[in-house]
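Just below is one structure, and these are the notes that go with it.
Order of writing sets the chain letters: A, B, C, D and E. Residues in each chain are counted from 1.
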Amino acid sequence: MLLAVPTQYQPQDFLPIVVQFVLAIAFVAFAMITSHLLGPRRKSVVKDEAFECGIESVGNARTPISVKYFLTAILFVLFDVEVIFMYPWAVNFRQLGTTGFYQMLVFLALLMAGFAYVIKKGVLRWNEAR
Amino acid sequence: MNSIILLSVLGLGNLFLGFRRSNRLLLPVMMLILGLVLTVNFIDWNEGAQPFFNGMLTIDNFSVAFTGIVLLTALVLVPFSQKYVLDGEANLAEYYSLLLFSLVGAIMLVSYNHLLMLFLGIEILSVAMYVLAGSDKRNLRSNEAALKYFLMGAFFTGILLFGMALVYGATGTFVLSEISFAVQNPAPGFESLKPMLYIGMLLMFIGMGFKVSAAPFHFWTPDVYEGTPTFFAAFMSTVVKTAGFAAFLKLLVQAFPAANAQGIWLPTLTAMCVLTLLIGNVGAVAQTSIKRMLAYSSISHAGYLLIALVAYNGQLEGASANGILFYSLAYSVATVAAFGVVKLVADARQREDYDGLNGLAKTNPLLAFSLTVSMLSLAGIPLTGGFFGKFFVFSAAVENGYIGLVVFAVVMSMVSIYYYLRPIISMYMRDTDAETAEAVPVTTFQAGALLLLAALTVLLGVLPGLVAGAL
Amino acid sequence: MLTVLLLLWPVAAALLLHFFKGRAARVPALGAALVEFALAAYAAFTFNTNNTGQFSFDLNWIPSAGIHFAVGMDGLSLLLVLLTAVLVPVILLSAFRRNFENESVFYALVLFMQTGLIGVFTAQDAFLFYFMWEVALIPIYFLAGVWGGVNRARVTFKFFLYTIIGSLFMLAGFVYLYFQTGPAADGLSAHNSALASFYALNLPAETQVWLFWLIFAAFAVKMPIFPFHTWQPDTYTEAPAPATMLLSGIMLKMGIYGCMRWLLPVVPMGVDYWQNLILILAIIGIIYGAIIAIRQQDVKRLIAYSSLSHVGLMIAGVFSLTQMGLQGAAIQMLAHGVNVVGMFFIADAIERRTGTRNIADLGGLTRKAPVLTVCFLVLLLGTVALPLTNGFVGEFLLLAGVYQFNAWMGAVAGVTIILGAVYLLRMFQRVMLGPDSSFTETFTDLTGSELALLVPLIVLVFWIGLFPNTFLHLSEGSVLNILNEVVKR
Amino acid sequence: MELPALGWQSIVIFVVFALSLLIATYCTYAERVIAAFLQDRVGPDRAGPYGLAQPLADAVKMFTKEEFFPGGANKALFVFGPCLAMITALMSSAVIPFGNIMNFGNNLFFLQGIEVNIGMLWVFGVVSLGVYGVMIGGWASNNKFSLLGAIRAASQNISYELAMGMALIAVLMISGTLSLREITLQQSVAGEWHAWNIVKQPLGFIIFLVCAFAETNRTPFDLPECETELVGGYHTEYSSMKLGLYLFSEYVNIFVVSAVMSVLYFGGFNFPFQYELRDWFVSNQGWELASAQNLITLLGTVGLFLKIFAFIFFFMWIRWTLPRFRYDQLMRLGWTILIPLAVFNIVLTGGLILAGVI
Amino acid sequence: MDQNIPQVIQTVPLQYYVFFAAALFSIGVLGVLTRRNAIIIFMCVELMLNAVNILLTAFSAYRADPNGQVFVFFIMAVAAAEVAVGLAIIVMIYRNLQNTDVTLLNRLKF
């Protein structure tokens, strides 16, 4: 009894998430609307200008940024997807036994080889312009 | 399977070798790797069908033979990357490794037994090629080729996948033999799912048709080949096509062999075949750039290979499979030589039109000779491998009664003689001008490779029995 | 085995020639050709006229398809092999007169082509025959295209396209026939392509009617017969003299040989159906060639059209399906080969000396070069078919054969002799007699080596003319065999 | 699931929701008090007794501040950013098992909002979405500092998410399930508090902890909003309650991540000697088993919150102890140290499990 | 009440899934064919892939056969790889051209 958990999960189990979602939205909406209603509004051109340490802002803020960030994002996408493959494996680790472990070792070895390559290629060398 | 493992591991090793920044080392190592894998590959010859990954991959004679072709093609192609070595290309190790990895994809394509492996094979092959197509980063044409190839490739992969999903929905399995079983022994309620099966099948054909650049899904080919650096374009038009056709054949023979299915796909495939032949050959006639001509020629050869698909006769060891095997080998060898010469000439003379070849026979007899041999082979003139390739494919078709198709194909190959002779005429019968008076620099290494290719082509043309009927 | 040796030796020699550069290649090339001639002569001496297929060799070439590397010689084959073996040294020798680039490659290509030609004449397997047919084509394309005249690119392209398209039709026909045959003897494949199996086929008449054109297309272009001839004069004119000699002397015979060996016995009902049409076309060719020849101002073109005219007669003889017609064709192939090579050689000799081939520019050579005049006259009379020369025997038999088939046709075909005499003697008169022209002022007579080249040809002119039985005897058995196969069905 | 059950769950969700808001609110207070304590000063003490009403005062201030839209900003996204940040922060708390079973007259109630078999994935998924709030807000502001801060935040979050996910995999290998409740219950073998995963996964826990700091953008990983370089990072242009939502979501995240760590590594609602205590009540005090269980459950819930508070304290302690990383150091730590460590941890765990040690 | 997830999924007729996926797929195809911006085309391709994923999942659930869902995993992984390469290509072009409109890239004509 102490260890009682539902043996069979039902789609309805997910229903409370909706409840929570409604609550969260309600709270956020409340906060936004209230502050909108309560707060004063005094607009002016100078005030609306984007903050740039007190000087006039120069150029468009949405300029291209260092490709390093892009690389990081791409790497994340790739590695994250590989990690996804490990979740089912981890959950079923004990059933898969030694064979599964060795297979995952191969997988990890390949993954880490790619990882080592990427690191060695200098993706994280932020001080170098590329 | 050995070759897949070796290629992956050595490909990775090659990647790390790139950190030594020694391009001189890379080329021999690459050739060594390919030679080693090629040798190891044939260990599996006549070992019977060996299933891997719960039968998702099957290594049998069919796959070993086609693996041999793609590996051999890569091996003889690699010497033409020597310019990268000499120029000190910084990413050479990456290029080589991508080639090795894409070969893994090609091997998966020729040995898959499960649609997942087909999909993965195509993607491993294609994704590497997307990158390589754009490897000339500063060149906008290369960029465009990469983008076009990528967008279209991803698009048609989507179509292929949708087809797979529908076939899965109709049959409940991804395993080729089980699909065929499910079609032949319909479960209750299967009738209502049949349209889904057929639509899925056709969508898969469209996807495969794109990968082998069969009309009307060929439109990307000339542009992409033209923009892609020649070395990789050669890889695309040989390895990708060979693997694609082997995969296509497996799909037809093992998944949809049933007569009722045949009634559905035969007209489609025949129409594709006729259209491909027409567009490939007529298109090639109109080209002024040799590279584009070779691109259209690769389309037209897809047409000839499609004839073999149309005429398949039931098993992977039949005349069609043998025809495709021989044709792919002859075509690959000849195309590699053609692209190789075009690359050498284009690198030296900075032009890719026919006139760029003027007087080549005087300045570089060897280049002229090997391009001649390969052109004759592509045109299907006897004494070269191309003739027997066409011969086997056509006889497979005649044997199965597709005489009209063969007559059309023969007419089209007459057309093809026109554009294959044009480089020969330029080289031998036109005089040099100021731009083409100087000899194209060729290293001994490349000369050796070209001679080897010419010898291979002639060998295939004189002793076809070495390869014919191997399966 | 001797046949294989005959086939392999020129190829091997051609490959070895790669090690000789430029003029140094002349002697080895000639030597190789002479060795080949010796081999052919040996074959002729050991040939047993009672037996048909000899010197056979059979190798399973493509086991999975039942295609064999099967070669062998009967009398007809031997005749043509002999012709090839005789003419190739002569042609090589004639090439020594000229100075051109990459001589060694040129000679290698000629030797290579010899393999193809001998292969065509000895093949006993349909696909081997086709293979050799094309092997003979590739070298001549380059010979004519690389070393030819100004318009060579366009002209040889036309030639190549014509012949290859024709032969593709033939290939299609062979493929069709192949699938009608039974399993190979070794049981490895479902069909086989041996000559004997093709003879053994018994196809319905309707099939044969269209199949005839598939196979005949290649021969028609090669010979060439009237509407398919347009490539010929241009190519003959543009090609360098040795290539022209190869084309006219030997290659043309491939077509006639092909008809006799691979067309008549294989689709006899088709032949029967189209016989009249082909004969009419042939006769049109005879008259047409002769008439055009009369109007020619260019020596080479004139000889080219005369060749067209003579070939027409041979075709007519073959398609008369009489023993005399076929025998005539066989002997005339030899005679025409000898004559036309000699004529082209002399035309070339004149061109080399004067720089022109225009009849109007020439004249008065008799005085300056009596030896040349005599040689020319002998060859010319042989071509005109004067009795006691080689042309007479052939043309007589051919005309007799055609007459036997249809008297009217024989009569019309007979005109060829008269017309031939007209244009050839007219040319002789203009070129050799008459006043000197500015071109011929410094004309010199034949040199010793040139004479040495012409002498064997002249000997052959008289040998064939005086003792035709030497050769007729050789081909008789083969011709009867072929006619048997035709009549059987 | 029948409606009464859903009703009960809704009550739990509501309570948890309110609690998390309350805790987050008082985290702001705690932060100042702890900061003051660590720096040996007084801290807020004006509003209410011991300054306890300070968070309320802050809230009032936030609500009544002027709303500000910078010129050139994309208004919809500018508003949407903080909303998203807040919603994602609030969404994840419900799947955490705050207590064991309550038993009232044969009706069993779980002290947990939502029990699903993919609880851990849910938390992970929702928390990952949080980065969108930062990204959108930073981009919409049309301010270079904001954009840079947002990009940094995104980069940092995704980098550490990898290591975090890998650390988690080791836990999953031991537990064999993604359900947080099951993971908790597996750590409650009778009489053995060392069944807690921290014993089996010390390395994994450290990786997870570091990543948790980075994921919540807390010092020493608060690069996205580091005042000295980027003014305020992604929320430079924000004011009023929109700023409030950003700040608030950070504290909610701290609360959630503390709870997750407690559940994953510190036994969740289990506490040492709980079975002995229950048996003592049953056998020595003559209680019914159900009542004893209810008591244990309540004590467990209290214990869980103690653990959470301990973690929150730890978060704040670190904040006032360690300096901030440089950006390249931060990325290098994530990629070249934590990820290989996490992989090593996976291999080690696998080996140990197969060897029968854990 | 005691239905497992596949059974619940099966309460919706299979055709609905097929039609839905087909609609999604068609939208993707139309987008690829009509849009001119590389990124949007790419997004449409992703839409197509997701249609496939839905379809596979539905079939997989209907047949209680996990193969289909495993396939989905692989599609996602490969799609991620494609995204990586595709975005890299687009970035490369953007750097050379400052634009991602494919009509500007018609130097290589059809």
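As a convention for this text, a contact is a pair of C-beta atoms (placed from the backbone, for glycine too) under 8 Å apart; a residue touches a chain by one contact, two chains touch by 3 or more.
A quick note: this is a predicted structure, and the numbers were derived from the prediction, not measured.
Under the contact definition stated at the top, no chain borders both subunit B and subunit C.
Counted as hops between touching chains, the shortest connection from subunit C to subunit D is 3. Counting hops only between chains that touch, subunit B reaches subunit E in a minimum of 1.
Set against the Cα centre of subunit A, the chain with the most distant centre is C. Most remote chain with respect to subunit B, judged by CA-atom centres, is D. The chain closest to the protein's centre is B, with centres computed as averages of CA atoms. By C-beta pair count, the most extensively touching chains are A-D.
Averaged Cα coordinates give subunit A a centre that lies 21 Å from the centre of subunit E.
Separation between the centroids of subunit D and subunit E, computed from CA atoms only, is 34 Å. Here the spacing of subunit A and subunit C, counted between their Cα centres, is 82 Å. Chain geometry summary: the mean Cα position of subunit B and that of subunit D are 54 Å apart.
Touching of two or more other chains is recorded for residues 9-10, 80 of subunit A.
Listed for subunit C are no residues, as none touches two or more other chains.
Inter-chain contacts occur between A-B, A-D, A-E, B-C, B-E. By the touch criterion stated above, subunit A contacts subunit E in their complex at residues 8-11, 67, 70, 74, 77-78, 80-82, 84-85.
Of all the residues in subunit C, the ones that touch subunit B in their complex are 60-65, 101-102, 127, 130-131, 133-135, 137-138, 142, 145-146, 148, 152-153, 156-157, 160-161, 164-165, 168-169, 171-172, 175-176, 178-179, 190.
Only residues 1, 6, 9-10, 13-14, 17, 21, 62-72, 79, 83, 86-87, 90-91, 93-94, 100-101, 108, 113-117, 121-122, 139, 141-148, 151, 154-155, 158-159, 161-162, 165-166, 169-170, 172-173, 176-179, 181-182, 185, 188, 231, 236-237, 240-242, 244-245, 293, 327-328, 331-332, 335-336, 339-340, 343, 346-347, 350-351, 353-354 of subunit D touch subunit A when the two sit together in their complex. Looking at the complex, you find that subunit B touches subunit C at residues 322, 361-362, 365, 376, 381-383, 387-388, 391-392, 394-395, 398-399, 403, 406-407, 410, 413-414, 417-418, 421, 424-425, 428-430, 463-465, 468-469. Residues 8, 12, 15-16, 19 of subunit B touch subunit A in their complex.
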